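Got a structure for you, questions after.
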């Protein structure tokens, strides 16, 4: 692992030094587990007690923090972002040796940048291209005519199907699938009750720059036009994005989210875990969807949206949920009571 | 890409020509993006304005359409199905060269049809068989004794486990798993609180003909008997089908659906995205389940079924959802009011 | 397949023989499909009629069963567990030949136990280790420094990322991913509206002994500290476990469950299918979460917890669900009525 002094980190990250910048750091860790040669951080005074008790060699702290700490500190405006950058300098993930592993199967007319690193059992199809410094780990499959930009990281067993475009600096996690067929079916009547006819899916997936796609997440290719994921979109694991969706820049989705076909999602949205968005909808910018929420209509205004049942003991749920099937009649009875009490009131008053 | 005249398409698709059938088409596209050598389609008069503005070279239109269009048209009863077939003729997906890639590992006693195409790093186990014209893309794994029918298409990294049977014309998308173990556990008491014992799963998965399985979808093998997916079933991405389920012919399931163990689903059902069906249930024919719905009881009659909370702003949700925990008491208070008002009414009348 | 007499099975399983122990059994099956040389079982008198009609050669029955059955029986305290063990003796899954397949790519400094079996196209990274009798099927990828214990079974295309630790006797199903990056993002303001910065995920995943992980399930590595799955945990397919989670011993989760980051789940819990648990929560021991339930707060006490809408026909749902958006106003109107009727009652009494 690389080692850097706090002074050297400050040269990269900016900020104000508090204490001795000469300390050498060779990694990052949480306040609880950091040792004397490790960097840690706090985002607010809320964690001051843990910071004081921490054995970390140095801390990144918010520059609004006025309290003194025993460790040398680097005070910055955005400690989380600064710590993320510091980690990127102090830790190096195991990579691949330069060049192409002999077991990789690369089409003759594919263009693989000489500085790309191609792992064992990778398959690269006809006329595909791989950009500079991109790393394709074991068992990745890049289809015919697909393009992977520069500085991409494809973890093991990623599939990028034919014709799809991946921008620069993408991180594609293990097992994700870019460009599987959309779920396009036409109903065909026949003599025995009818059957589904597959509609060929001839669009592509276009991933912008700085996109991250989680493990085993699937993004379907467009039916006729393309599925588009714009710059800076971050997708967690086991997400499904159907054909012809468009996801605006810098939108983040947590794991297990599903987006049905032809839905368009704006910029800077946050879709929490297991939320589901129906098809053919328009979701505006800066919309936040709560975990487990089903969105079945357009959402134009920024804000937080929710649609979940609150948790109860099963016993309470049995008692309460039974009434949900009769809510309309319950509302009707309430209305009737209001009418009757109005009549009584009038009688009373007369 | 192949090129066909509208006349040639009509020879395959049937229908009535309106205008010049001599135009040569070399692809399909949406009304918005089609160019002069491309075919597009409309399913109803609702899209007439877009059709008139479209630069498509020719259109497939419903034969009920009476309005004239500037482009040559093929009028058919079912434009969506006809367009799907036309796309299948005008577009060819990148395939594989004939034969077996030298990096494939094929058991000596496996039966691979001479017209099958086996991609790089495919593994085919002992006594497995692969039918005529089937294509297995990079990294697929077919277990011992498994059988893949004729004209199947296995995208990269599909796993078909030992003993499972795939019918003819299957399309299995990247990363799907056919025949993983069912989740069978027996509770075993012991001196330290007990533990789960794995129950060996010795059934198989049987896929009928014309089945499509989405990317990263999992179908578990039966515990003792088989998990059965009948002819014409279409499954989208990231679906889970548990052990011993039976899915009737021509049922379609959208992405992120989960079906728990031993549930039987009828023919011609439509299970929308992220719906979940509990175990040991019987769902009849032609049942439609809405997106995000949990089905926890048998459904015998055809129809549409739903169980979701409607979407609200989080603020509204906080206000409204609080009462869900007290719905039973609310209903009780309503009942009490009715009793009291009845008494008052009686007093009033007396 | 191995063949054993009922006497031989009894020697391994214990229990009391009822009838002739000399019968030879060469497999297990359900009561309905078992033949004369197969073993079946029943867990209670509820299945007595099927047992009497069964053509099974022998049965495992609960020792509390007093009724006579036509077949030779082995009476035990826990028939499900005994049958699971019997199946393990009567059925052998197709395995791998001893040694390393020549197409496997194994780092020079990796430690692979001589009794391990390494399948085709497996990749094992630098300084990784594989324990005795562990089997890695086709296309598995084990990252640098990862450790796989003894007697593990990795189905095709499993990914274990760098540095992760898998205990003894793990069963990892096809396509699962152990140690993908957690979804760690820091918000970084910039001149054009801001963007997400990836936070390097430097923790590991630690799997205890006797853990089972379902097909295409993903377990993210910790951000700084580790994600920990304790002994005996059983996970079904398509589950997501986020970074820094801890799952206590012998907890079982059904398919499609999602656990958000930094949540801790106790021992002996049962999380049913498609349940979702929010981040940073504490779930106690022996908590049972119903299918499709969203848990968004801490749960300390053992018990069953639920949060789902009951199923209705869509028509009924439309009628009833509309009121959910006005539940607060409905409750307010009820309260107002109570006040008014109290006033009327007082008038009446006066």
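Each chain gets a letter, A, B and C, in the order it is written, and its residues are counted from 1.
Just so it is clear, contacts are C-beta pairs under 8 Å (C-beta built on N, C-alpha and C of every residue); 3 or more make two chains touch, one makes a residue touch a chain.
Not measured: the values here are computed from a predicted model.
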Inset, instruction - Treating touching as the only link between chains, describe the layout with one word: line, ring, star, complete or other. - result: complete
Inset, instruction - Look at both sides of the subunit A and subunit B contact and report whether the same residue positions are involved, with over half shared, or different ones. - result: different
Inset, instruction - Averaging only over C-alpha atoms, locate the centres of subunit A and subunit B and give their separation in whole Å. - result: 24
Legend entry - subunit B residues counted as touching two or more neighbouring chains: 103, 121, 139, 157, 175, 216, 238, 256, 308-310, 312, 321-322, 324, 330, 334, 337, 341, 344
Inset, instruction - Spell out the part of subunit C that touches subunit B in their complex, as residue ranges. - result: 27-30, 32-33, 78, 80-81, 83-85, 87-88, 91, 93-94, 101, 103, 119-121, 137-139, 155-157, 171, 173-175, 210, 212, 214-216, 232, 234, 236-238, 250, 252, 254-256, 267-268, 273-274, 291-292, 308-315, 317, 321-322, 324-328, 330-331, 334, 337-338, 341, 344-345, 348
Legend entry - subunit A-facing residues of subunit C, complex: 103, 105, 121, 123, 125-126, 139, 141, 143-145, 157, 159, 161-162, 175, 177, 180-181, 183-189, 193-200, 202, 216, 218, 220, 224-225, 238, 240, 242, 256, 258, 260, 276, 278, 290, 293-297, 299, 303-310, 312, 316, 319-324, 330, 333-334, 337, 340-341, 344, 347
